């Protein structure tokens, strides 16, 4: 009994020593600006005059008067709903494809990581418009297959968001790399011994690879969810929220309200709602994780 | 029979390479386009946009782009970026791994609370925090040097911490316990057992950290007030003015060039991902 | 190995303690001043050289400068202003000026003009009035501009259409656009005919303006002028004589002068600011012939739809510790021929007459066209209206585009509905002023 207690005290002390660097950074650098942002949500703040406390006014306006707010919620949910799973599945598939000792994989990985490296440069925006323009590459390919090929992808309220979904799925490099590192970590002995037991590749995949990859999958899922809900750059550089606000993502709208319309209070209120939403969804995923995430250690 | 198997294997390999290479072309096409465009003559840039191959290749954009602004050339921007990115990457990877061990292996009061706090830092869009952060940092006297850009990396970052936590949780606990029975304290366990075992995770983190710091522009934009301190990504964004005249050729040339270091780092580091150290270690 | 890692970690943790805190410059006893502007590489180069020239002529002055691209610029200066750390001199924009003055961020400059630090003896009042808010001068115009229609002369010849008179009307415009489209199969006119500049220009040529002088409500009562215009544009879109809204958004809107349809010969007319022709003609390549003319108006002998607009300003921060030096620098920018020979009218046509004359022989063809155009506009234009009121960005982004322009151009609502939306939305924002 006493031993256990002693052990846990040591654990607590060591634990705090290990997380100390983060704790210092959080309390010293991050907490104050974060708390300030949350407070500003309850104020009218144009960034130059002193913030003026207005209670829930910003939230009332957001929920009941602002059409564009709800459009941005819809656009963001739509975007996250389609882009997050596609990106994850694609990343996982490619990681599995490239996780073997075939010649050339070294090279292919660089190739597949390339789109993620171009990131958000202006060049990407120009190029994306080029590919999706009415007489661009996409329509040319569709014409070859005799499919309708006169769609104005970036100007059509039905499709514009899909070009952005494609853009983020195309930049699947980071989750792919994380999956690859995860696959790397699975001990080869496990495969060897199960081969001896006569397990085929499919059984191995479902009995060994997938379960042991779940911690990494959890990480990728949560990170992609957060990135999906806070998506900004793609819309900012390619579509600017158009057409008809169908790509006016939450974070973009929030930024515009705050910086371009001098409504920092309103923007902060929007940010607070976003934080709470993401936190709840992340919490749900964590709550569900004991049922599907397999930790080697526990 | 063996011959048939060998042929089957060969067909399989061929199919594999065709598939992977075809997909690879789709992946790399935009970069080829960027590279091609950077060698096009100025009038060709807009009259022959979709073509990958320049009609009259020219190196001019690289020369005019590298000159930068006034007497501040890209030599300076690259130097700045290498300093910032180099220090930040090393700092954030090691500090994050250190912190991650605490979260992954040790039980301490309020662990879940702190972990939630850590993740929540990712959930507030950075744009909205700019002004409070700027006011706070300038209060601390941190504005107009590399410090506000580099310093936060020494305290770990949520993304990397969380990632490495997940990797450490995949390492069998028996290894730690064995080390502790051998008389290692927690720090020795971390440095001698855990850190080597999560090399793939740390390498991955290093690739991301390098790339993200390299491309980061919001923090440099706000905190670097002297063009001699500007980073490459900030300089790239200073080329364009939609209402005036923009030297697009130079943008393409410098954008393409700015990808090179990121690629080099990726290629250098991914070797370790392939070789991997973890499997051998686990035998113990 | 372990020791090495330990040492490395310690070194890393200690590093920021030494790396930070090297603030540059310091107390050199020099007269210090700072400036910030937005622009492209070309502008940065020219402005930096101009600053160097100023420091050469005034060896006791030390100027620190910063620059950024257009989008980043406003994020940066807004943050700086919030922190009370604006540079002494900043480049300002006509659409933002009123808001910045309203927040008390800009220093009134009349005092420095009276003291003779800034010399406007060679500048017409009309070139200055854009920088006045409520009668006080807050910003000095550093480049005259006017909205214009650029014509591709070769396309007009090909279609056998004579170039329009400078007092042409929207009716003539419509016929020309349709005729070019019929004969050549290209757009008669490029994009953005429904943008907010045209809305304002329309009422300007009706002898009115979009807002009242105090900026508390819309400045016109007759919505039918706008209705007729919108119907015309929709008709042109329908006929394919101008890009439809989806194409406009996908290819042209806010994408830069270099990608307008005219560059590839896909349109015969484009609407733009006069200083943008240089960029257009560079992108289009050699052997092209462009001409610049006034915006069409409502009636042939009615008021002009054009006004001379300050392209950009220089303003002094109200927190400036050295406003006299800042004012002197602005004077240098305005009146020094050497400086302007470096700047070469890249921001627009200079306001001082002797500078305009002095520069003429040095200009490239596209700039000459713009200079001539500005000269013509200065004798045939409406007086400069009040700057856009406080709440303009709110009005534009949250009403004009999402409630009026977009749904109307996509055919989701009728022209009447769109106009009603614009009126109610605008009045809601403007009455706050």
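So that you can tell them apart, the chains are marked A, B and C in the order they are listed, and the count of residues begins at 1 in each.
The rule we apply is simple: a residue touches a chain if its C-beta (ideal position, glycine included) is under 8 Å from a C-beta of that chain, and two chains touch if they have at least 3 such contacts.
Treat the numbers as computed from the prediction; the structure is a model and nothing was measured.
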Between A-B and A-C, the pair joined by more C-beta contacts: A-B
Reference chain B; chain at largest CA-centroid distance: C
Chain centre separation in whole Å, for chain C relative to chain A (CA means): 37
Inter-chain centre distance, chain A versus chain B - centres from mean C-alpha coordinates, in Å: 16
Junction residues of chain C - those touching two or more other chains: 13, 75, 78, 82, 254-255
Junction residues of chain A, two or more chains touched: 21, 47, 259
Multi-partner residues of chain B (each touching 2 or more other chains): 95, 98, 131, 135, 151, 154, 237, 240
In the complex with chain A, residue positions of chain C that touch it: 13, 74-75, 78, 81-82, 99, 103-105, 244-251, 253-255, 393-394, 397-398, 402, 406-407, 410, 412
Parts of chain A lying in touch with chain C, wherever the complex brings them together: 21, 46-49, 67-68, 129, 132-134, 152-157, 239-240, 242-245, 256, 259-263
List of chain B residues in touch with chain C within their complex: 42-47, 64-65, 68-71, 87, 90-91, 94-95, 98, 130-131, 134-135, 138, 141-147, 150-151, 154, 188, 191-192, 195, 217-218, 221-222, 225-227, 234, 237-248, 250
In the complex, chain B residues that touch chain A: 13, 16-17, 20-21, 23-24, 27-28, 30-31, 33-34, 37, 49-50, 95, 98-99, 101-103, 106-109, 111, 114, 116-125, 127-129, 131-133, 135-137, 151-152, 154-156, 159, 161-163, 166-173, 186, 190, 198, 200-201, 203-204, 207-208, 211, 215, 236-237, 240, 251-252, 255-256, 258-259, 262-263, 266-267, 270-271, 273-274, 276, 278-279, 282-283
Complex contact set, residues of chain A against chain B: 8, 11-19, 21-26, 28-30, 32-34, 36-37, 40, 47, 94, 97-98, 102, 104-106, 108-124, 127-128, 130-131, 136-137, 170, 174, 177-178, 180-182, 184-185, 187-189, 212, 215-216, 218-219, 222-223, 226, 229-230, 232, 251, 254-255, 258-259, 264, 267-268, 270-271, 274-275, 278-279, 282, 295-298
